[in-house]
Every structure is written in C-alpha cells, then in structure tokens.
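The data blocks that follow each hold one structure.
Below, chain A partners chain B and then partners chain C, in two separate complexes.
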Partner chain A sequence: MTVELATRLIDVLGALLLFTMLVILASGQLFRAIYAVALQAVFLGIAGAVLAAATGNPDLWVIAGITIVVKAFVLPWLLIRVVRTVQISREIEPAIPMTLTLIAASGIVVLAFHLNASLGPVRQTITGNALPVGVTLILIGVLVMASRRKALVQMVGLFASENGIFFTAMAISQGMPLIIEIGVILDVVLGALVMGILVLRVRSSVDTDIADLESLKG
Partner chain B sequence: MERTQHIVRIATETGLLVLLGPLVTGYVQKLKARLQCRRGASLLQPYRDLAKLLRKGTVRSDTATPFFRAVPALVLAATVTAATMLPVLWAPSGPALLPVGDSILLLGLLALARFLLAIGALDAGGAFGGMVASREMTVGLLVEPALMLAVFSVAVAAGTTDLGELAARRDSLAALSWQAPDLLALFGMLILALAETGRIPVDNPDTHLELTMLHEGMLLEHSGPGLACIALATHVKQLVTLTLVATLFFPPGLARGLAPPEIALALGAFAAKVLLLATFLAVVESSYAKLRFFRVPQFLGLGLVSAFLALALRVL
Partner chain C sequence: MTSNLLWLAPLVPFAAGLAMLLVRDRRALAALDVGSSLAVLALAAAIARRVAVSGPVSALGVFRADDLAVLFLLLVGLLAVAVAIATVGWMRQELARGQMRKDRLRWYFALVHGFIATMVVTVLADNLGILWIAMEGTTITSALLVGFHGDKHGLEAAWKYIIVTTIGISFGLFGTVLVYGAAVAAHGEVFAGAMNWSSIAAIAHKLDPGIIRIGFIFVVVGYGTKAGLAPVHMWLPDAHSQAPTPVSALLSGALIKCALLGIIRFHTIARGACGPEFSGGLLLLFGIMSVVVATPFIIVQHDIKRLLGYHSVEHVGIVALGLGFGGRLGTYGALLHVINHGVTKALVFLVAGDAIGRYGTRDMRVIKGYLGVAPFAGTLLLMGAFSLAGTPPFSIFVSELIILRAGLAAGRYASVAIFLLMVVVIFAGLILHVGQMAFGTAEATVDRQREARSPLLGMLLLSSVMVLLGLSIPASLDRLLARATEIVLG
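Let's turn to the complex of A and B:
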C-alpha cells in the first residue's frame, strides 16, 4: 500500500471517527451512543489495519484485531448488559443543553486544527490530519463525560476519549510497542468492569443517580 | 446558436425535474408501503392527486388578502427557478452563457419559497397557520445556514459556486476526489436533506390536522389548483434537494455533448443517484419515529456541526 493511499484512508477514517463522535455527542438515547462508540472502535481498528499495511509493522495487526474485538464488541456488550440489568431510562439527560455542547464541540475542533498548524515538526507524511482528529476525540470525549448526568454515558465518553488517545498514538508513532498497547486496552477493560460493577452496586443498594451524589458534598 | 442550445438544455433539465418530481414522491411512498408490508398506492398516484386538485374549485378564507391567492404560484415559481440552477444531464462545456447555476441563488430561492409559504399561512388567519409557520421558520433557521456551509465546503475546494462547473470540475480533477471533509459534508447533507424534504425525523408528510405537522399545516388553507401548485412545488423541492446532494457528492455521469448514447448514460446515472437517495429517505422514514419538536434542533444541530466541520477541515 502506498503512503499516499494510506494517508488518504487515514484522513477518511479520521472524518468517520469525528462523525461518530458527533453522533455520540448529539444522541439523545443511551443505546444510540453505545452503538456509535462501537462503530467508532470498528473504524479505529480499520485505521490500525491500514497503518499496519502501510508500515509493515506486524504489531499493528494484532492491535487492530484486539481493538475491534474488545472495543467494538466486548465493551459495548458489557455496557448494554449493565443498561438492561439496572433498567434505567434510556434517555440521556445532559447537564448542559445539547445545543451548547454541540457548539462547544465545533469550537474544540477548530481549536484542535488551529493548534495543529503550530505543531509542524510533529506532523508526519503518513498521518495527515490524525493529530488534530485525535486531540478532538480526546477533548470531546471529556466534554461528553463532563456534560452528562448518567454514569453509563460518562463511560461512553471515556471510551471515546480513549479511542482518541489510541488513534493519536497509533498514527503519530506508527505503532507503540505491543506490550504498552495491550496494557492500555487492559486498563480500559478493567476500568469498564469496575465502573459497570459500581453502577450495578450503587443501583442495587441505594437506587440512586450520579447527580444525587452532588448532595453529599459538605 | 450556442445560446439557444444552452437555453434548450436548461429548459430540458428543468422540465425533467418538474415532471419527475411527483414520481420520486410516488416511489418513496411505494417503497415505504412495501417496507411496512402494504401494497401501497401506484407510483403514479401523486400525478393523479395533482390532476384531481386541478379540477377542483377553490375556497378561500374570508380574512385572506389578495396576496394569499398569489402565494401558490409564487412558491411554485421560486421552486422551479431553483430547479434551473442544477445540472441534471449536462455538464457545462464552457463559461456559463446564462447566469443560472449558482448554488447560493438556489438555496436563496428555496428559502424564498419557504418564506412565501409561511407568509401565506399567516395571511390566511387560521390558528394552525401561525403556529406551523413559526415552526417551519425555526427549522429553516437551522437548515438553511447548514446547507450553505455544506455547499461552501465543496465550493471552496472547487473554487466556484456554480453548480454545473463544480460538478464538472469535481468529476475531472483528481485533487477534488473524495476527501475527509466530503464525507462529513455528505453526512451533514443527508441529515439536512431529511429536514429539507420534510421527511420523518423532522416532519411527517403523511399527517394532516395533527399538532405535530410542519409543512402540511401551511397547506391547510389552500385548496384546488392553488394546493396543486404547492404540492407540485413540494415534489420538485424534494427532487431538487436530492439532485443537489447528487451534484455535490456524486458528480460522475454528466454528459458533455448531445450524442444519444451519452444522454442515455447521463439519464441512467441521474436516475440511479436519485433512486439511491430516495431509497435512503424511505428507509429512514420507515425505521425512525418522528422527533419531538424540541428535539429537532438537536438532530439538525448534528447536521449543522457536521457541515461546519467539513468547512473547517477544508479551510484549516
């Protein structure tokens, strides 16, 4: 695969990642956000495969495979299971209005791309727009975490943010050592498990919402 | 000589859009019915409805001013003029001889049609009219700038806002082939097309006399030939929106000359693109519920932000 083709494919996949991120941000329903984050992981895996084919780095194939299996299937399945078990309402309640978060998101994108212009030396031939796209995904993921009341949606935000970190790392360094990548994925799985169990426990013992924890402040 | 030829081309293309408009609506209705396991009305039903309306008499509200009578004709005129802007079969071979083809003018004319409809609805003095007009303008407020942004994101790359030239350049220049911003603009455009054609997540074209309706509510006070004009304008607007998407994002297939095989190919390509997009409309309409009106800005906000990002990616 030529470098030019790889750059173009990474660019297109970056746009798809951005779009799925926007869908996560704009979705009013929990399941749609979960499906969107799963789709995002699939695109991320494809990006990994493209980079693997372009750079000839065998580790990247492994990482792309793990990404698709874990992030596109296992984690969303876990989330959906938790949603089904706790039977919460499937509407996402934003803490700040949805339109405001969308405006903030477009601001973030412009900022990230503007920032990218000043990071000339870091940009490499193959990665194209990967750096600003990755930064955007990370920041919008944080925005999702900050602007939603439900713990499960915050988890979706965390996964999306993580996808951004992964995308940046893959594209910029053209594959980190395999052990680090696997460690990061394990971290995410563990985090998801802990948060899932926590949500289940909190729900079963006190039947509460994350927003209610606010009243515990002294 | 060349000028006459140009005029004939534009007239043919516009005529095609106007004549096929109802057919596309019929196709969407038919496909929707099939997806719901119904047999559905014939593909030609919209034509029959139009013919029926043209034979009927007109009833007008007592409070309506004479301007109300002009509204249907003006709406149809604005929409058909908008249709002249689109390259349907032919890509322009040289510099434009007539000042038709500008995408900004196209969007402006569609906005004018929307404005006239809303004014007509207010003018008739019905309770529904005022409510629905305000809703329609709210949707318009979100859709129109977003459509502009999506069109600009393509126009910036092509260096022209002339749709025919834009499609031709896009078709021939490799540098303008599919890039990341196009993808975002296309997604944004598909979301906006749903709103612009008055389809389900935003508006329900099948409903009459319901509190949720947008477009149909503005037609309540119209009747007879006037209603036929507006219905035809709605069909044409739908096809214009679909053709705009096709022109911006799937330009291949435009004919360069007048040779019959070339024209047949262009017709086939046009039909395929429109069928694809109309199928998209029908599938979305069958698989989603209508959004609550206060949720609509959120849905359209997604389109707006996508279009904005497409432009930002292109410029930055």
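Let's turn to the complex of A and C:
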C-alpha cells in the first residue's frame, strides 16, 4: 500500500471516528451510545490494519486484532450485561442542554485542527490528521462524561476518549511498542470491570445510579 | 545483581498479595503485611546504597533506579512499613466494632499489597509506557479499597475517584504518546528504548518544542489529576476521606507523590526541549491554584479527614510551586517537601483514624478533649498539626522556607506573597480546628480504652522521622536530595 493511499484511508477513518463520536454525544438512548462506541472501535481496528499494511509492522496487525476483540465486543458486551442486570432506565437525560454540548463539541473540533496547523516538522511523523482527530475524541469524550449523570454513559465516554488516544498512538511512528499497548488494554479492561462492580454494588444497596449520588460536598 | 533487586522490589509485595488470598487468619495476614512491607523498605535501602555508590542501575530498559527514584522508593517503603504496623491494631479494633467483615479481610490485605506493588513500579519505571500502566494500576487497586466498606459514601467516593482519575490519566497517556512520537521523530526512526525516560531525557534538546509543549500540558493535566493539583483535584477530598484509614495514609502520603514523580520526569524532558520557563511556569500556575483553592475549604471544614484531604491539595500545590520557582534551591525544597509532607500526612491520618474510631464521628465539633482520652496519640496529633501548618521546629517548616527563598531568588514576588498569605490563613484555620479537638472535655460516651500498642508504634516511627528532619537533615539524605535535584534539572 502506498503512503498516499494510507494517508487518505486514515483521514477517511478519522472522519468516521469523529462521526461516531458525535452520535455518542447526541444519542438520547443508552443502547445507541453503546453500539456507536463499539462501531467506533471497529473503525479503530481497521485503521490499525491499514497502518499495518502501509508500514509493514507486524505488531500493528496484533494491535488491530486485540482492539476489535476487546473494544468492539468484550467491553460493549460488559456494558450491556450491566445494563440488563441493573435494569436502569435507558433514556439519557443530559445535565447540560444538548444544543450547548453540540456547540462545545464543534468548538473542540475547530480548536484541535487549529492546534495541529501550528505544529512544526514533527507533523511529518504522524499519518494524516490522526493528531487533531485524537485530540478531538479525547476532549469530546470528557464532554460526554461531564454532561451526563449516568454511570454507563460516563463509561462510554471514557472508552471513546481512549479510542482517540489509541488512534493517535497507532499513527505516530508505527505505534507504541506492542507490550505497552497490551498493558494499556489490560488496564482498560480491568478498570472497566472495577467500574462495573461499583455500579452493581450501588444498585444492590441504594437503588440509584452511582453517578447520581452527590452527598459528598464541600 | 543489583538489577535483580529492581525486579524484586515490586515482585515481593505482588507475591505477598497473592499469597494473602490463601490465608484467612488475621494474625497471619498481619504478619505477612508487616513482613512484606519491611522487605520493600529493605530492598529500597539496598537499592539506595547501590545507587549512591555506583550510580543509576537499569534492568532491561524496563526499570531504572536513579537518585530521584530512590528518594520516592524510600518514602513508599517507609510509609508501607509504618502503615502496616499501625494496621495490626487498627484492624483488631475495626473487627471488634463490626466495621470490617472477617471473611473479606484477605481481600483487603491483598489489595493493599497490589496497591503498594503498583506504586513501586511507578517509581522504578524507566519506560514511560510502563509508568502509565502502573499508574492506572494504582487507581484500579486503590479504587476498590476506597469503596471497601461498601457504604453509600464510600462507593460514591470510589466511583468519582476511578472515573475522574482514569479519564485524567488517559490525558497523561496521550501526552506520553506525543513525547514518544517526538523522540522517534528526533531520532529519525524507531530505536531500542525509544520510550525510555533515560534515553528521551538524553536527547531532550533535539525534541521538537511545539509537540513537547502540547504533550507536557496533557501530562500535567493527566498526572496532575492523580496528584490532586487544582482544578482537577475534586475527587481527592472524597476518596482520601472515605477510604479506610491506613489506605488514606497511603493515598495521601505515597500515591500522590508517585504521580508527582511522573510530572517531574516529564518536567525534565520539557526543560530540555523548550527551556525552563514553559514547564516551570505551568507548574507555578497549577501550584498557586492548588494553594488558593484549598484554603477556603480547609477553613470551613468540619470533617477531619476531608480537612486532611484538602490539606494534601495545598501541599501538592506547594511542591509544584517549588518546582515552578525552579533552580537548585526550589527543586531541592520541592523534593524535601515531598518527603516531609508524605511522612507527616500519613502520621496525622493514622491519628485521625484513631480519633474517629473513639468518638464514632468525623465531625471536629464533636471530637473534644482528645488529649485526655488518648494522651499519646493526642500529643502526636498536636505535633503533626503544627508540622503540617508549617511551624518550626518541624520538618515542613524547613522545606517551605527553602521554597520561599527560591521564590524570592527567582523574583516571583506575587506568587510568594499569595503563597505566604494562604499559608498564614491555613495555619490559623488548622490550629483552631485541631485545638478544639485536642482540648476541652470529652463526652462520657467516648471510647476511653487504653491506646493499642501497634498503631502507636507506627505513628512513633513516622513522628520520629518528622522531628528528625525538622532538627537537621542527615548528610546522606542531603547528598541524595542534591543528586536528585541535578537529575530533575537535567
């Protein structure tokens, strides 16, 4: 695969990642957000495969495979299981009006691409627009987490944010060392498990959403 | 030989943690706890000796011990030992009061040792990716400990803790990726150890300053969340106050210092790539914000453990100020402050835990006459509080004075003025709160049983270090700090 083609494909995939991110941000339904983050992980895995073919780095094939298995199947499955167990309402009530969050999101996109334009020669080592797309995903993920008082949606925002980091990491100088990527993914899975445990424990004792507790103040 | 020590230091607590899962007896668990913590401290001392004699030691590019890492490793080891000793008696009381379930005891001890093992890895990591993985590992193990009691407040605090710090340090991962990308770009191709701090710091002057600036901002926000720098500190008072007392002592005393070490490592790289003004200025800004934001919450606080939590925000801010003022003096003061605050804060958390157990409340308006109820712990509370407030002859006074002098030398008069004002206000607030707790007469319902020996022993260990460091800094520690300062300055 030529470098030009890889760059073009990465830019297309970056656009698809951004699109799924906006779907997550705007979704008023829990399952839709979970499916969107799973789809996002599939695009991320394809991006890994494209970069693997373009650079000839075999580690990236492994990373792409792990990404699809863990982030597109295992984590969404875990989320759906938690939703089914606790039977929380599946509507998402935003704490901040949706229009405002969408305006903030478009501000983030502009800012990230502006930031990228100001960078020097180091841009050569990053394929396509991976850096601004990564920054955008991270920040919009935080926006999702901050604007929703629902534990499961906050977890979806977190995973989407991490997808942004992985995307940039893959596109920078042929990805991080394989062993580090595996360690990071392991952390993501363990973290998600612990979060799931906490959500279930709160459900079984006080019957509210853990993200809705706010007795600790001041 | 020495590189084996680097592998052993995290492996010992990890193996001890696994072994604990098979044990059900409280005494056996406590013995394992103290034994493994002593082993960590002994290994830290052995590594420190070796590094002092023959310079930095590296193990396969994964771990590396230099004087800076040794300083933090000794702190983690010392606190692990003191807290393990104090836990023996504390756990007996918790079981007697029905606060802890006997069948879940082994999980508690195993998690604590998993927590210690991950902290040791963060300190020794040379590979910045390993540093990040271990840092997230500390969150995962300690979040379960924060919510260990399973009550509503504890679970709420645990949720805030894990969700805020996980998203926070994912910023740190992004910053790490950018710095790694810059290193590879500067070198022209991927090279062995491209992710290692030692090799990146060596070529820091060749890195692209633009990308390092963005990377460092992400790192400071990321690891700063974990360290409790304002304005990303909001989880800290909740988690540190709701955790079981020994865990609070480790969180406030050791963990936030490990996160600071992460920032310091990137600070060195950023200094090399973009000069001292950028990263120093950013740390100065976060430092001032932390000190200012913590002050009003300390003044109006009624919950003793939340008070100590906010107080940690202030002190992390002071360390950041020291690093931000920069120069040999500021950096030396910041590193000394890391040790002083770690030791003192762990001590005061242990005392506070005892008081909460006796009075059955965390409300400082209800805790009265503690000095009469528990004369030894009460005395240590007063000493610890005066030290935290920055009174001579205690250790924190010394490091705060050094940081102030560094600020004046750097001509940062406005920052120094704000810092001084806040320290004075916090002094008044803290002494007022603690004075009300220590003096007066306790109500008749308060638990007046004789003080248990093991918590006192743990507290005495910490308070003797605190007093010693206030009176004079031993020559060996002074040399260690001086060498660590050179490493930070690059």
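Going forward, the second predicted complex is superposed on the first by the 212 of 218 C-alpha atoms of A that agree within 3 Å, B and C clash if a C-alpha of one lies under 4 Å from a C-alpha of the other, contacts with A are read in each partner's own complex, and residues count from 1 in each chain.
The criterion applied here is as follows: a contact is a pair of C-beta atoms (placed from the backbone, for glycine too) under 8 Å apart; a residue touches a chain by one contact, two chains touch by 3 or more.
Every value quoted in this text rests on a predicted model; they were computed, and no experiment measured them.
Three-chain overlay on chain A, with chain B and chain C fitting side by side and no clash. With both structures placed on the common chain, the touch criterion links A:26 to chain B but leaves chain C unconnected.
In the superposed model, A:102 makes contact with chain B only, not with chain C. Within the superposed three-chain model, A:142 lies in touch with chain C and out of touch with chain B [touch as defined at top].
In the superposed model, A:154 makes contact with chain C only, not with chain B.
After superposing the two complexes on chain A, the angle subtended at the C-alpha centre of chain A by the centres of chain B and chain C comes to 150 degrees, rounded to the nearest 10.
In the overlay built on the shared chain, the residue A:58 is in contact with neither chain B nor chain C. Once the two structures are superposed, chain B and chain C can be ranked by residues of chain A touched, with C on top. Once both complexes are placed on a shared chain A, the shortest Cα to Cα gap between chain B and chain C comes to 19 Å.
Shared interface residues of chain A, touching chain B in one complex and chain C in the other, do not exist. Every residue of chain B that touches chain A in the complex is listed here, in rising order: 178-181, 183-184, 187, 295, 297-299, 301-302, 304-306, 308-309, 312-313, 316. Across the complex, chain A meets chain C through its residues 115, 118-122, 124-126, 134-135, 138, 141-142, 145, 151, 154-155, 157-158, 161-162, 164-165, 168-169, 172-174, 176-177, 180, 183-184, 186-187, 190-191, 194-195, 197-199, 201-202, 205-206, 210-211, 213-216, 218. In the complex of the two chains, the chain C residues touching chain A come out as 127, 129-130, 132-133, 136-137, 139-140, 143-144, 147, 150, 152-153, 155-160, 162-163, 166-167, 170-171, 173-174, 177-178, 180-182, 184-185, 190, 194-195, 208, 210-211, 214, 237-238, 241-242, 297, 300-301, 306. Listing the residues of chain A that touch chain B in their complex gives 8, 11-12, 14-16, 18-19, 22-23, 26, 28, 98-99, 102-103, 105-106, 109-110, 113-114, 116-117, 129.
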